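Alright, structures below, take your time with them.
In what comes next, chain A is part of two complexes: it sits with chain B in the first one and with chain C in the second one.
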Partner chain A sequence: MQSHLAQIHTMHIPDGFINAPTSAVAGVIAVVGLAFCLNGARRQLDEKTAPLAGLVAVFIFAMQMLNFPVAAGTSGHLLGGALAVILIGPYAGALAVSVVILVQALLFADGGLSAIGLNIINMGLVTAVVGWFVFRWLVKIIGVSRPKVMTAAFAAGLVSVPMSAVAFALEYAIGGTGTIPINTVTVVMVGVHILIGLGEGLITALTVGAVFLVRPDLVYGVHDRLPKKLLVTTPSVSTPANGS
Partner chain B sequence: MPKRSTWVFVGVGLVLSLFLAGFVSYYASSSPDGLEKVAGDQGFLANAQDSANANLPTAGYGIEGVESARLSGGLAGVLGVLVIAIIGFGMFWLIGRSNKSKAAKQDAGQVSA
Partner chain C sequence: MPSPHTHGHDVGERLFVHRHSTIHRLPAEVKTVAMVLFIFTVIMTPPNQFWAFGLFALMLVAVAAFAKIPARVILPRMLVEVPFIFFALLMPFFGSGPTVEVWGLSLSQAGLLAGWGILIKGTLGVVSSILLAATTPARDLLMGLERLKVPELLVQIASFMLRYTHVVADEMKRMKLARESRGFTATGIRSWPIIAQSGGALFIRSYERGERVHLAMLSRGYTGRLPQLVAVTTTPTDWVTAMSLPAVGLLIALTALWIQR
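Let's look at the complex of A and B:
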């Protein structure tokens, strides 16, 4: 019988990869970033979108448990930052992923306690910024329809993951405890995370596509660009037409 | 209040998340993930230290004492979904509520103006 520890296999940055001073600075940056997001989310979220934001956090946690194979002996899992910002906006999106990372570290010992700041920066903040700008830039250029929104979502997910790996490489360059040349770490981290990014892009596109199909008004990333015909999504109680 | 269909949407999403974390997660790849693979190949995986809370009964997405890997991982997944649901819905409800009170004030201001 396999140990339960071996069954579900996700690993964020553990304690010991990045030295304590760098991890501490990352913790401060993460707190400032989250405070900024909290303030921003206050402007973007309302009573209608708040339950969706809660659902996004839950869904990302569930999806992060589903490691998919990307190459021989290597797996990847959704980071979720791009998905979150497309569905609930950049500020709430970064907060949703950060809640997931906090619970994973505190409740499941996934990711080191001293590395929480690093993990929040890489998986919550960097993916949110990159995912948001890639998605918004693309829908501005190609427009809004279901296939186009899915295309932009795929690109946002795809690009966000290697950028997260770049963030790790930077942190490793500043405070890594190993002796591996930074160029090597960057190249191999980005390489494998481009493969994981393909999975991230696919999951992001399929999820955003499904939400856009049933409730396009709940996709925050296109809330100001929705074609008029899509704005009325729930059949209103129809009053009998005059004379019929 | 959100439209009724928003709650239906959220309910369906919650059930789906419970299914994914509680059942499908058993079939997830157990190969090392990108970071772990790189750390192993490049020889710095050994620098990883156990988290200070690595002895929690829920560490590593399992429930200590539950023999069946399927049940242990599944229960941990369900637990995680519930904990994140409580924190996430609570936090975002508080944030969204503050926005409504602002909007209500603006409305009131417009009415009295």
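Let's look at the complex of A and C:
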């Protein structure tokens, strides 16, 4: 499926890019953040948490493999933080994305083992928090309809990615081992990530729009704001459990 | 419809290299802790102590040889680090202080050193993770995390992810095949809505599969916990064996820091 020449790719921080003390502290912060999300997800989903968040983690992982062609042999792919929280809520969404990052580091050597905390903060927690609040705030102001939900999803995706770059710049300022000055890093990283964010916002909006069209009840970000006429009454499980 | 890329039941089985060695036999959590600590000793070593990194590399080569993991398994998997090599290569063009001329380019000495540090530490880290995944089945790695008191729920989410990656990836391939058999070719941004539509459908199918899996589990007596099928006993000898790696690493790192002083 790798038919394109280059992928626009947000880098997982490798080992040695941020010094040991900062990486260790980030690990502790990530643990606290994940514990908070675990609690929240358990309240929201109960014992459904593991299968649902697990399958959504797979979905995000699969979406990251989906190539969106840009131009001249380059293509981009989704990061998925904003998409996950809009679809299944802030806690389970952050968990799903964090688990993807954890598995990528542990099994595929994508992102350093010592940098797991940093990567979970940047790509799991920050995108989840920013994406969720931007989305909720916008649907509260502009209301709920397919174009409006897509607009809010676009904004959530667009803002979440540069904020992730801001978190990275902050970590680089505290414990970066490189010699590129922090101002340059911040400007370049945020600049590039605004461009990536445009793509992220577009993919997030289109995907949320597609789900909203068929199953608006599955867009958790608007679960308490759906107009009555949009509420689907078909049972969510229509096939017998077949152990799939 | 099984795809030709599917070799095992889950992604983890593709990464694991079946061999018989002491390193393969060590319990997963022991190996994980040892590897993470080892990487920390690597990243705390100052980059100008070149000899230290030579020794670190030798240690990893020794682990690979001991575990009978050939280079042809390790090298292709190292490609994941390509994106950040560019970052390391940029470093010499920045940084203050004295510069050196290389091929007519004026490069910062501090930048060269920092770039080298990022490159070598990142590479050693990648090889360490590859060795961990090649000598430990993915499921054991996750069970090991649980024995390290990582919350069970997190481990369960991760094991669902492993188990269903192929299922969902195959679903995605079928959708791609369906799109293409209707004459669709992805050309540019104008084809994004079509691809995203498949993404939306994939989410609904994944979510509903999650619900079905949950019901199937409930009907088999699931209460939120997964039973441990094999009891793993970790002996002090296991810990001592595994910890020899980070212990030697620490010795090297401290010596390097002491010389640096």
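Rule of thumb we're sticking to: the second predicted complex is superposed on the first by the 202 of 244 C-alpha atoms of A that agree within 3 Å, B and C clash if a C-alpha of one lies under 4 Å from a C-alpha of the other, contacts with A are read in each partner's own complex, and residues count from 1 in each chain.
To be clear about the criterion, a residue touches a chain if its C-beta (ideal position, glycine included) is under 8 Å from a C-beta of that chain, and two chains touch if they have at least 3 such contacts.
Being a predicted model, the structure only gives us computed values, none of them experimental.
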| message | Going by the contact rule set out at the top, does A:68 touch chain B (first), chain C (second), both, or neither? | response | both
| Of the partners chain B and chain C, which touch A:57 in the superposed model: first, second, both, neither? | both
| Between chain B (first) and chain C (second), which, if any, makes contact with A:168: first, second, both or neither? | first
| message | Once chain A of both complexes is superposed, is A:35 in touch with chain B (first), chain C (second), both, or neither? | response | second
| task | Using the superposition on chain A described above, determine whether A:189 touches chain B (first), chain C (second), both, or neither. | result | first
| request: Name the contact category of A:206: first (chain B only), second (chain C only), both, or neither. | output: second
| request: Considering only the touch criterion stated at the top, classify A:108 as touching first (chain B), second (chain C), both, or neither. | output: both
| field | Touched partner set for A:43, first chain B, second chain C, both or neither | value | first
| said: Is A:218 touching anything from chain B or chain C once the two structures are fitted on A? First, second, both or neither. | reply: both
| request: Take the contacts of chain A with chain B and those with chain C, and give the residues found in both. | output: 1, 9, 11, 14-17, 38, 41-42, 46-59, 61-63, 65-70, 95-96, 99-100, 103, 105-110, 112-113, 177-180, 184, 214-215, 218
| request: Going by the contact rule at the top, pick out the chain B residues touching chain A in the complex. | output: 1-3, 5-7, 9-10, 13-14, 16-18, 20-21, 24-26, 28-39, 41-44, 47-54, 56, 58-64, 66-67, 69, 72-73, 76-77, 79-81, 83-85, 87-93, 95-100, 103
| In their shared complex, at which residues does chain C touch chain A? | 11-12, 15, 32, 35-36, 39-40, 42-44, 47, 77-78, 80-81, 83-84, 87, 90-91, 94-96, 108, 110-111, 114-115, 117-118, 120-122, 124-130, 132-133, 138, 141, 151, 153-154, 156-165, 167-169, 172, 176, 186-189, 191-193, 195-204, 206-217, 219, 222-224
| remark: chain A contacts chain B in the complex at 1-17, 38, 41-43, 45-59, 61-63, 65-70, 73-77, 92, 95-96, 99-100, 103-113, 165, 168, 176-180, 184-185, 188-189, 192-193, 195-196, 214-215, 218, 234
| Of all residues in chain A, those that touch chain C in their complex | 1, 9, 11, 14-17, 19-20, 23-24, 34-35, 38, 41-42, 46-59, 61-63, 65-71, 78, 87-88, 95-96, 99-100, 102-103, 105-110, 112-114, 177-181, 184, 202-203, 206-211, 213-215, 218, 236-237, 239, 241-244
